[in-house]
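In the two complexes that follow, subunit A is the common piece, with subunit B as its partner first and subunit C second.
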Partner chain A sequence: MGSKERGPLTEPMFYVLMSFLKRDMCGTEITEFVERKTRGRVRLGPGTLYTLLAKFQEEKLIEETQVEGRKRTYRLTDKGRAAYREELERLRACVADGEEEEE
Partner chain B sequence: MNRVYKLTPMSQYDVDGVESWLEDMALRGLRLERFRPLFCTFAREPSAQIRYRVEPRYLRLEEEPPQDMLDLYRDFGWDYEGRVSNTMLLFSTRDPDAPEPHSDPELQGERWEKLRRSLVRGCLLNVLLAPLLLVLCLLMLFGEGQPVLALLTTSAAPLIAVTLVCLLLLLPQSFTQLRHITSLTRRLRAGVPMEHRSFYPKRQLGALAIFLVTLAVWGVLLMTQYLLPLTGGQMESLDRLDAFTPLSIASLEGEDFQPDHYVTQGIDYANFCRREQYLLCRDQWQVVQTGKGPLSDNLWVRMDIQWYDLPGTLLAVPLAKEQLDHAMALDDDIWWASGEAGQWTTDYFPEAGVDFLAVARRSDTLFQAAAVARGDKVALVRYTGHGDLAEHLEEITAMVGHREERSGT
Partner chain C sequence: MNKTCCRVTPVNGYDIPALEQWLEGMASKGLLFSMTAGPLTLFQKGTPNALQFHLEPARDKTYDDDPELNALYEEAGWRYLGIFRKNYYVFATEDRSAQAHTDPDTLAYVLNRFFKQKLLGGIGLLLGNFFLLAFFRPNSLSNLLYWLRWFPVETLYARNVIPFALSLTGLALADLSWLLGLVRLRKHRIEVLSGETPPRPRRSGGWLLAVSILILLPVGAQLFVYFFGMDYDPYPLEGSGFVTLSEIEGVDFPLSGDQFYNMDYISHGDTPLGPERWYFQQYGSFRHDDNSVSLNKVPHLEIRITRYLLPFIAVQSMDELSRTHDYDYSLEGYGKLTSGLSLDQMLASRGETGMSLILRRGNTVLQAEYRGDKDLTDYLDHFAQMMEGL
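Right after this comes the complex of A and B.
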C-alpha cells in the first residue's frame, strides 16, 4: 500500500518510521528515540505504539526480526523506507511553500 | 478478602464515564476486581490514585488478549485488568508518570471506528430480529389453526413475545451506546483527545430491571414449557379422575354397552384419563372411553373429552368455540369416513345456564361434538356412536360445574 492510499502520516507515525532508519528497534527503544528526537514534544504511549506497530506490520512497512522473551525487535522494510522518504519529501515541500510565502 | 459488589451506573460504552467511576471508586478504597455491564466486583484496599483506561479490542469468548500487547502496556506501566466486554479491554496504572496509552487521537479514532461499525451491525441485527420474532410468534400461535389453545397450552409463543418486548426495550439502549461511541470516534478522528473524565449517572436501573425481568420471565416460561409437562401426561385409569364427572359413553349407548379393554402393563389404552399442566392452563384432562355399541352393527364407539381449567374467564368461550370448530374439521378428515361426507349442523343452547353450549352433528354419520364453557372451565366432547349428545345436555354442562356450585349456594 502506497502512501497515496494511506494519506499523510501523522506525527507519531512519521517519527516511528524514522526511528528504524539507523538500526532495528524494540518498543521501549522506539519511544525513547521519539521522545529524545522531539525533545519531549511527542510522547508515545503503549496504545499508540502497539497500534502503529501492528498497522505498519500489516502494511509491510516494518517486519519483526527477533523475539527475546517479552522483547520484540522490528526493522524497516524497503517499502517502509520508501514511505518514510515520500513523507519527508512532502514535509519538505510544505516547509518550502511556507518559507516562500514569507519571503 | 472483603469484596464489594456495586451496580455499574453507566453503559460500558460510556468510556469516559466508566474510567471516571472506577477512578473514584479507587479513591474511596475500592479497587476493581471484575467489570461486568450490570455490576462490578471490588476489593477493599487503602485509597489509591489509580488511572483506568478502556481500550477497544475485539476478542472471542475464551480468547485472551495478545501477549505482545499486554507486554508492551506493562513496559509502560499499565496492567491489564480484564475485559469490559468482548470488544473492550481495561488497563490501569498507579504510576502517575506512566504515559497515556494514546498520543495520536486520529489513530486511536481508527480503532474505535472498528468497534463503532460492529455496534452498527449489532443494532441493525436487533432491528431485523424484532419483526422476525413477531412473525415466529404469530406462526406458532396461528400455524396449527388453534391460536387460543396454542396460547394456553404452549409457552413458546409467550416466550417469544416476551423476548420481543425485551428486544424492543433494549433497542433504545443499543442506540444510546452507539451514540456514545459515534461521538467518541468523531472527536478522536477530528484530533480531539479523550478527556478521560466525565459526569456519570448514580445508577442505571432501567437496564438492571430489564435484565432481571427478562431472566425471571424466561425462567418461569422455560420451566413451564419443559418441566411442567413432566408432572403429568401419563395414562391413568378413569377412577383417578377427580376434577369433574365426565359424560359417560355408557349413558349414551345404553345398558348393553360393553367397554373395550386393551390392557398393557397395567394401562388400559381403551379407557383412560390423562392430566397435563401448563402455565396458562393449570389443568387439562383428556378422558377417552371406547367400547362396542348395543346395536347389531357391533360398531366401535368412542368418546374423547378434553377438559380445561383456565386461570380466568376471558378465553373460555373463545376456546370452546375454537375447539368445536376444530373437532368438526378433524372429523371431516377421518380416513374411515365412508360414502358422501355429510353436512355439519350445529345447535346452540343459550338458555342452558352456561356461557356457551353447542352440539354439532354430521348428518348421516355417527360423528358428534359438543363444547361447553362456564366461567373458567371448558369441555369439549368428541363422540362417535349411536347416542345423541343433545339429549345429554345436563351431563355435559355438569362437567363445567353447576351455577349453584360456582356461586357457593
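Right after this comes the complex of A and C.
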C-alpha cells in the first residue's frame, strides 16, 4: 500500500494516515475525522477501517499506544509519516501536471 | 423462549456472497444465525427480519471474538452474531444501505489474504488424502476387478476395499468442494476489483462437503478403532465353548508346545467397516526344526468364524469358501449336509488326510479345517452350540 514499490495509496488509506498527523487516534475518531475532512465524500466502512489499521500496524506505519476495553488508540510512526509525505508529494505532482496542461 | 434449529449449509464455505445471501434468506424466515458445527449451521428461531449480512474473513482460523472489530462494526450500526466455521465473523444490520467495506482495494486485499490461507490449507487436505488412501490401500490392486467378480465378499472385507472406496469417494468430494470454493473466492475478488456488483446468485455446493463428511465418518471411526487397539479383543479358550483338537483326538493326544500352534485363547476382532471375526488353531506336536515337516500332514484343527452384517452376505461367503481349496487339494468338493440342528447351511468336504466344514447360522459363517482321521460331522452339535453362544 503506497510507496514507489507498493503503488499509490487509495483515498481511504491516505485519509486514515492523515488522521494521525496531529494526535493519537482510535477507530471512532478516525471515522469522524475522515467524514468531516472530506465532507462525507470518503466513507470508512468498519471492515475497511479494521483492515487498514491491522495492515498499517503490520507494516509499522502506525503503532498501538493504548488499550481501554474494546477501544484501541494508535499513533503514526516515522515510517508512517514518511509514507504519508511521499503520497502527498505524488498527489501534488499529479495536481501540478494537471494544472500545467490546462494553461 | 427462543428455540434453536439447524440446517445443513447448502452453500460452499468459501462462497461469501452466496453465504451472505443464504443467511439473509434464513433471517427473513425468522431464523437468525447462531453458530456452526461442521457442515451444519445453527439458528435461533424468532421473528422474520429483513437483514443485511456481512461475513468478515478472520485473519487466522479462530474461536475467539475480536473486541476491536466488534466495536468498530457496532459503532457503524452492525450487530455481531458469531463466528462461522472459524473462518468469518458474522455481522448483520437492518440498514440495507450500510456498507461494511467502502474501499474495493482493501476488500480485495482481505479476500486475497483469505484465499492464500485456504490455498495453504489445501496442503493439509493433500496430506489427509495421502495418509487415508495409503493407510487403506488394498494389498494388491492388480486383478482387483477379477477378485471382485468371483469373490466379492472376500475381496471387499479382507482386502480393505470398503474403507478404501469410502475414503476415495469422501476425499474426492471434499477436494472438489475445496477447489470450487477457491474458484468462487477468486471470482469474487475479481468482481470486487472491477467494481462489478453481479446479482447475488442462488448457488449450492455446500452439500459436497456435507456428503463427504458423512462418507468419511465411518472411515474415521475405523481409524480410531485401529489406533486405539480396539479392533482386537482376544479371550481365553477355557470357558469359550470352542471345539478343540483334544476333544476330537482325546485328552491324551500330544499337542504342540508352541503357543502359536496351540492357542490357549480365541483371537477375536471387530471394526466398524469389517465383519466380526474369531480364529483358533490347535496343532499336534511336531518337530519345529525339521524343515521336511509339512504342516498339512500334522494333525490339527483350525477354526475361522466371521459374522457379517446381513445373512445374504454370509450366504455369498459360503459360496466363495466352497470354491476355494487354499492349500490342500486332496480334499474333494463340498457336499451339503442335512440334520435337525439350528444351522441354516452345512457343507462338508472330505479327503484322505482330513476334512473341512463350512457352517452358517444366520449371518455367521464358520469354517473348520481338520487334519486327522476322525469325522468332524460327529461334532456338528458342538459346532452349532458354539455358534449359538457367540
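Simple rule for what comes next: the second predicted complex is superposed on the first by the 101 of 103 C-alpha atoms of A that agree within 3 Å, B and C clash if a C-alpha of one lies under 4 Å from a C-alpha of the other, contacts with A are read in each partner's own complex, and residues count from 1 in each chain.
Please note the rule applied: a contact is a pair of C-beta atoms (placed from the backbone, for glycine too) under 8 Å apart; a residue touches a chain by one contact, two chains touch by 3 or more.
Source: prediction; values computed, not measured.
Partners subunit B and subunit C, once the complexes are superposed on subunit A, run into each other and clash.
After overlaying the two complexes on the shared chain, residue contacts for A:80 are found with neither subunit B nor subunit C.
Contacts of A:47 after superposition on the shared chain: both subunit B and subunit C are touched.
Overlaid on A, the two complexes show subunit B and subunit C touching the same residues of subunit A, namely 10-13, 27-28, 31, 42-52, 55, 70, 72.
Residues of subunit A touching subunit B in their complex: 10-13, 27-28, 31, 42-52, 55, 70, 72.
In the complex of the two chains, the subunit C residues touching subunit A come out as 54, 56, 59, 67-73, 75-76, 78, 99-103, 105-107, 109-110. Listing the residues of subunit B that touch subunit A in their complex gives 53, 55, 68-69, 71-76, 78, 99-104, 106-108, 110-111.
For subunit A in complex with subunit C, the touching residues are 1, 10-13, 27-28, 31, 42-52, 54-55, 69-72.
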